[in-house]
Amino acid sequence: MALALVLVPLAWALFLYALPSERWRPALLPLLGAAHLALVVRVLAGTPGAAAGTWLRVDPLGALLLAVVSVLFAVCSLYAVSYLRLRRDRPNRAFCACLALFLAMASLVALSQHLGLLWVAMEATTLVTAPLIYFNRNQRSIEATWKYLLICSVGIALALLGSFFLSYASLLGSRDSSLLFSSLTAHAGEFSRPWLRAAFVLLLVGYGTKIGLAPLHTWKPDAYGEAPGLVGALLAGGATSCAFVALLRVFHVVDLAGEGAFARRLFVGLGLLSMLWVAVFMARQRDIKRMLAYSSVEHMGILLIGVGVGGAFGALLHMVTNALVKGWLFLAAGNIHRGFGSKRLRDIAGAARLLPWSGALFLFGFLAAAGSPPFGTFVSLFSILGAALTPGHWWVGGALLALLAVTFLGMGSSVLRALQGEPPARALESPHRDRPAGTVPILLLAAVVLVLGLWLPRPAQELLEAAAASIGGAP
Amino acid sequence: MRLDLVLGATALMAASGLPALLGGRVATRASAVLQVVAAGLGGAGAAGALFAAAPPAALALPWRLAVFEVGFRLDGLAALFLVPIFLVAGLGAIYAEETWPAAARGRGAGRLRFFYGLTAAAMALVVVAADGVALLVAWEAMAIGAYFLVVADDREEAVREAGWIYLAATHAGTLCLFGLFALLRGATGSFELAPLPAGLAGGGFGAAIFLLTVAGFGVKAGIMPLHVWLPGAHSAAPSHVSAVMSGVLIKIGVYGIIRVLFLVPDPPPWWGGALLAIGAVSGVLGVAFALGQHDLKRLLAYHSVENIGIIVLGVGLALVGRAAGEPVWVALGLGGALLHVVNHALFKSLLFFGAGAVAHATGTRDLERLGGLGKTMPRTAALFLVGAVAISGLPPLNGFVSEWLLYLGFFGAVQSESAAGLGAALMAPLLALIGALALACFVKAFGIVFLGSPRAVLTARPHDPGAAMLAPMAVLALLCAAIGLAPQTIVPALERAVAAAVPGAAGAPPALAEIGRVGVLSAVALGFLAALAAFGLWLSARTRGAPRAVTWDCGYHAPSPRMQSSGSSFAATLLGTFRWALRPVEQGQPVRGTFPVRASFHSRVPDTVLDRFLLPVLRRLARLTLYARYLQQGRLQVYLLYVAVTLLVLLALV
Amino acid sequence: MPSVLQLAVQTLLAVLLAPVLFGVIRRTKAFFAGRTGAPLWQPYFDLVKLLRKRTVLSSTSTWVFLAGPVALAAAALLGVALMPLGPGAAPVAFGGDAVLFVYALALGRFVLALSALDTGSSFEGLGASREVSFAALAEPALFFGFLALARLSGSFSLSGMLDRPLLVRWPDGGPAVALIAAGWFLVLLAENSRVPFDDPSTHLELTMIHEVMILDHSGPALGLVLWASMLKFLLFAALLVRLLLPVGESDAAVYAAGLVVGLLLVALAVGVVESSLARLRLVRVPQLLVSACLLCAFAFLLAARS
Amino acid sequence: MPWVIDLVLALVLAANIRILGTSRLGVCIRAVAVQGVLLAFLPLLLHPDSRGRTLVIALAAAAVKGAVVPAMLFRALAAARIRRAIEPFIGLVPSMLACAAATAGALLFAAKLPLAPGHGGTLVVPASLATLFSGFLVLTTRRKAITQVVGYIVLENGVFIFGMLLLDAMPFMVEIGVLLDVFVAVFVMGIVVDHIRNEFSSLDTEQLSALKG
């Protein structure tokens, strides 16, 4: 059952690659999305800990990630149909296959209970997304792809060394050479501390590159900016969450080994640095997709701070809500990009008039990203804030609030500039307007985010609490 | 039961705009009707809770809002705020049918209707929220809804800028509130707005609570220097929106300050002192800035800052009293502040409605172009005059009653031996100064707009608006007079609100009616009206059929309307006195020689905090951030270097 | 019922007495100028003459123009009702009536200033502007004085603050009361537009504040304004007299004599000031008013120490 | 046979210096190929009593790192017909000095880390770290897209060296997965390099800096 989560998309990828029809390939994507979503629902509803051997198992953390990735993919696949119909000029064979491959690899990340396998899956998600970023096949997109590929590969290589270090720490300390997380956590107390700390630093830098923490995030604005909106949505919502979960698994081992305080300090430090970096780069950002990329960096910083101050529940919920909001924003930004034929602010104005649905969705997505109630992001952000504003690290809470405010200033001025006023004449001539196929998927995402803010279903809450408990956070 | 009514009305209000979203004249009219009905129901429920002695009602939401338990509660304090909310919102809904008709504004009118209902409902919800989370959710809905109200006309650059400043300011405030409630939750373990245990308020925690409360709610209330968004937003918004914003929305900030600060049973004395200082600054500088404005709605907006200052003075006195264990100060300070909240809602909405009528009829809000409207718009003029007298705090209208309660409080504090009490007493002369300056400003506002002759040739021939705009103004004017002439009727409601605002006060709070003997005012006011009527009848009888001539021109042979006092010349003397804070910008060509060919003079008073400090600083900072762009110049090698350096630095930490 | 009677008597006396104070001022000025001057009763004749004359209205003006004199007169009457002119409390006395006293006069000022603007005359606009501007600076002085008196007397009613028990506390309250008296005398001059703030006896267009506001009023309207300003002068003078009056509390006759003499002395003092000082430059007026404020603020500080 | 291991590792380090010290692309790629072949000996040397899977890994490593990847790089080089000079941002001598410094630093850092009894005294850990940083040096100071791929491979080689200590701990599948991933990564990079050449008619990464801020 659990294995099917990986195998079905894998098989679908092969099938899509083999399929000769340019028209049918996109149309078959939502089928995969729906099938995967159904599988995930069944797995989640079934017995907890469904396993396929010792290496693949659905634990709460993985289940959470599965749910995020699956929902996001389902929506994006729906969006992809209309998107690819508009982009008949590009061959979509590799694109569709890689989308399916990405789903397979992300599912693998969620299921992996083995440090080495986790790494392999993470690297694979990087590689299968490179062709997605290169979809537009122009100079800018190849530059972005190149940077993405190289920086992430280097980062992931460091993560591999970190994994090796971790297993060496285990080897030295407990003489147990298994790299299953269950045995790592069981013997964590006996690990060699110097190796452990070095391993954590390497893994933090390695997966942190993939998460996109400043100053390792440099590929993000380029890749998200040049990729189609739908790819940006999958990357910012899915791929980053995968890396975050991988990092959390490692963090849990380090925490159990008694180096939790060290790890948390690093989390808070890097998290705040990311937010600060974003606060600076968000000001006068004149490209809406790059702006969203920086927002992603910001929220990844918030996630790390959340874990760092002991708000695991809030951080995990924020992982979910942020992923969905990022999907929402990138898809809306994609529509705006198409409507105006540009993603630079100097060409965009009056998007709320030209594209009333996408414009309004973009605006509300921005508010959701800012953590405004009643969106789900409010609940998560507020939980993190509550954890931060406790004795011992008041200053973290204060800094978090201040940086949120500054970033809001930078992002808001760009967002409103894009939405308000009169659309330029050039855009009025463009044939691209809001169509249901392009807005309904976004509305779905928005609805989920809104519902999460108003009503968290009991199973979802239990899952979140179990996941938080599984990485050592108080529920 | 009443809470159910209020919540039901709120829900109806929130949903009222949905038909209008569809567009069309009929649908928009249907929304307007729904809004009026909702306001009527909600107002009735709130008034019932306010005037009939009933225990506070509470209701918990049957499901959890995500992970938070959420509930609502209707007590005296909430009811006191609810009444003006529903009243002004309902009147504004009627008023909008004439100023922003769907026929002329198209889809914009529908959108405006929708967000209008949403904002009004959210305001009501903030007030009945029983816990921090419900309050935050409603608060944000209100703030964001109001943003859409402000930018109803986003084709204009000025409107967009005002909207953005509003949004940025309100979000900063919301973040402060996030921090506040997270802290309170950490201290008490619950989000419920219940009295805190004693002993928490000292030290850094107490200071953080106080500062976050004052900053978070104060931004919305518009206390100086957090008022930066207020003048722009009020003048940019449609007039009925300005009325709602100025009349009730900013009061929600006051509500928050009162609600949260009085949860603390033992506030440090400096809290009250700080509020008094804030109130004094807001009051005096608010009215001083108002004097310098040429835009009628901006002028009114600065008066909101002033009146919030007056209200905060009362709250400050009450806090000082709570710290010093003086229940009389608490009763008078809070009673005066709360009555002023109600009063300001009445007369400020009236004035904004009036200003809207002027702008609607003439197409301009510029004082230097208006004049003489009293002859062409007599009804509007009379109603505006009522508002002007009331806001200047003059008897026999309602503004006087609330300020009088505050004076009583300050003069009570003068008997105190404590420095805090004597400091509070010093606010009495300050309040007098504020009142006299407000009077000067409204002589200017009313005199320049409605009296004399028109200063410019306006395209439209001005005329009184229709019943949809006049009737709401008339209702408000009547209420202003009613509270002014029979203030004792509202005193029990005030007492109930004060008792609800100050939980866990030792013993019953002293009765306002006893310490203030408000009833006397009523008798005096009636006697005064009798004298007024007698003199008036006599003089009008004596001057009936009096011949008309031109105004005495002192021998000048060709008087023209352009020779009248202008708004800026009227305010020049006082502006000179406050030059140190206002820093007016003056341009022109001075009069030179015996026979000057041409001379000109133009002055304007930009907002010192916003235009001289905040915006330049922010612009400079934003420019500085561009230097940081050198960090990301697109070189992959440099990016990889960042990875290596990060790794090395972190490894060095191992 | 006795208070209604008292109200009637007090109002009648005030109405009758007020004009004679203006007569005294004029006689004093005439004396200093070496003239004989008009008789003391001349202000009565002026009033009667004005009330009988016909009015001419400006074609620009509206009903607001006539409302000014009416409100001013009604406000002055209200002030009279609140002022403890008799030996005991005022006919209308309650805690906080001092505020009503000040604000009633402010209402009169408000409407009169509007009626000046109603004519559309540039001169009258200037006058209205100055009237309201200077009053804004004078009011805090009054209130600082009230604060100090409230502190000394423990009451917040004009009658209580100005009541005779104050005299008992003269030894420790004396310096404060003296400062208040000095400050309030300046306020009296400013509020009634006397030299050095304004010169009521120059040519109409050249007066700066009060008289220029009522350039267009004529006949009964002007009479009403004139009469109201006389009452206002009386009220401020009475404030000073009651503040300083050194008579015992038992003997009503002595008290009445003291009050009348005191009022006349104040008028005399104003006359002396008008004869010996020149009008201030307009830009200096705020400074003088701020000084009045500071005098009363010092009084408050002194009172607060005791 | 610790001395044999150390000898191999010393040769690996020498290859690092060679890579950083040459101005010719061809030499550079050849040095990487040599390094790959040298690495293939490590599993055999470190685990002399090993079974068949070690041999498989050694062969796979030799094939991927020593043959396939260099061949791909040469192909790209030939197709590009570019000047064969490397044009580093910093000179060759400073590069080599930096490499030496990195090696010294790696020795110092490795000394802080405790080692399992069997691994003590060998150069495995310092060589691994030194190679890693040599890889970084190539990545950050070289201009051409191909040299960046070389840098990535060197970096990966550093990781590989350390991984050899854990041959017993790492399951066979994972080792093969890692090798496969590296291979695919380089393969994808090769494709991208091809496209860069097509788009820009150059492999100079200076062209690839349009996206800023």
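Which chain is which? They are A, B, C and D, in the order written, and residues in each are numbered from 1.
Here is the rule we use: a contact is a pair of C-beta atoms (placed from the backbone, for glycine too) under 8 Å apart; a residue touches a chain by one contact, two chains touch by 3 or more.
The structure presented is a predicted model; accordingly, all values stated were derived computationally and were not measured.
With centres computed as the average of Cα coordinates, no chain lies farther from chain C than D.
Ranked by number of C-beta pairs in contact, the top chain pair is B-C. Taking the mean of the C-alpha atoms as each chain's centre, chain A and chain B sit 43 Å apart. Per-chain Cα centroids separate chain A from chain C by 77 Å.
Each chain gets one centre point, the mean of its Cα atoms, and the points for chain B and chain C are 35 Å apart.
A straight line joining the Cα centres of chain A and chain D is 30 Å long.
Among the residues of chain C, none is found touching two or more other chains.
Counting partner chains per residue, chain D shows two or more touched chains at residues 136, 139, 148, 205, 208-211, 213. Residue positions of chain A touching 2 or more other chains, listed in rising order: 143, 146-147, 150, 154, 158, 194, 198, 221-222, 281. Chain pairs that touch, as defined above: A-B, A-D, B-C, B-D. Only residues 143, 146-147, 150-151, 154-155, 158, 194, 197-198, 201-202, 204-205, 209, 215-216, 218-219, 221-222, 266, 280-281, 283-284, 352, 367, 370-374, 376, 378-379, 381-383, 385-386, 388-390, 394, 397-398, 401, 404-405, 408-410, 412-413, 416, 420-422, 452-456, 461 of chain A touch chain B when the two sit together in their complex. Within the complex formed with chain A, the chain D residues making contact are 112-116, 128, 132, 136, 139, 145, 148, 152, 155-156, 158-159, 162-163, 165-166, 168-171, 173-174, 177-178, 181, 184-185, 188-189, 192, 195-196, 199-200, 205, 208-211, 213.
Those residues of chain B that touch chain C in the complex are listed here as 371-372, 374-375, 378, 385, 389, 392-395, 400, 403-404, 407-408, 410-412, 414-415, 422, 425-426, 428-433, 435-437, 439-440, 442-444, 446-448, 451-453, 515-517, 520-521, 524, 527-528, 531-532, 535-536, 538-540, 542-543, 546-554, 561, 563-565, 569-574, 576-577. Those residues of chain D lying in contact with chain B across their complex are 89, 109, 133, 136, 139-143, 148, 205, 208-213. Considering their complex, residues 54-62, 64, 66-67, 69-71, 73-75, 77-78, 81, 92, 94-96, 99-100, 102-104, 106-107, 109-110, 113-114, 117-126, 128-130, 132-144, 146-147, 150-151, 154, 156, 205, 215-216, 219-221, 224, 282-283, 286, 293, 297, 300, 304 of chain C touch chain B.
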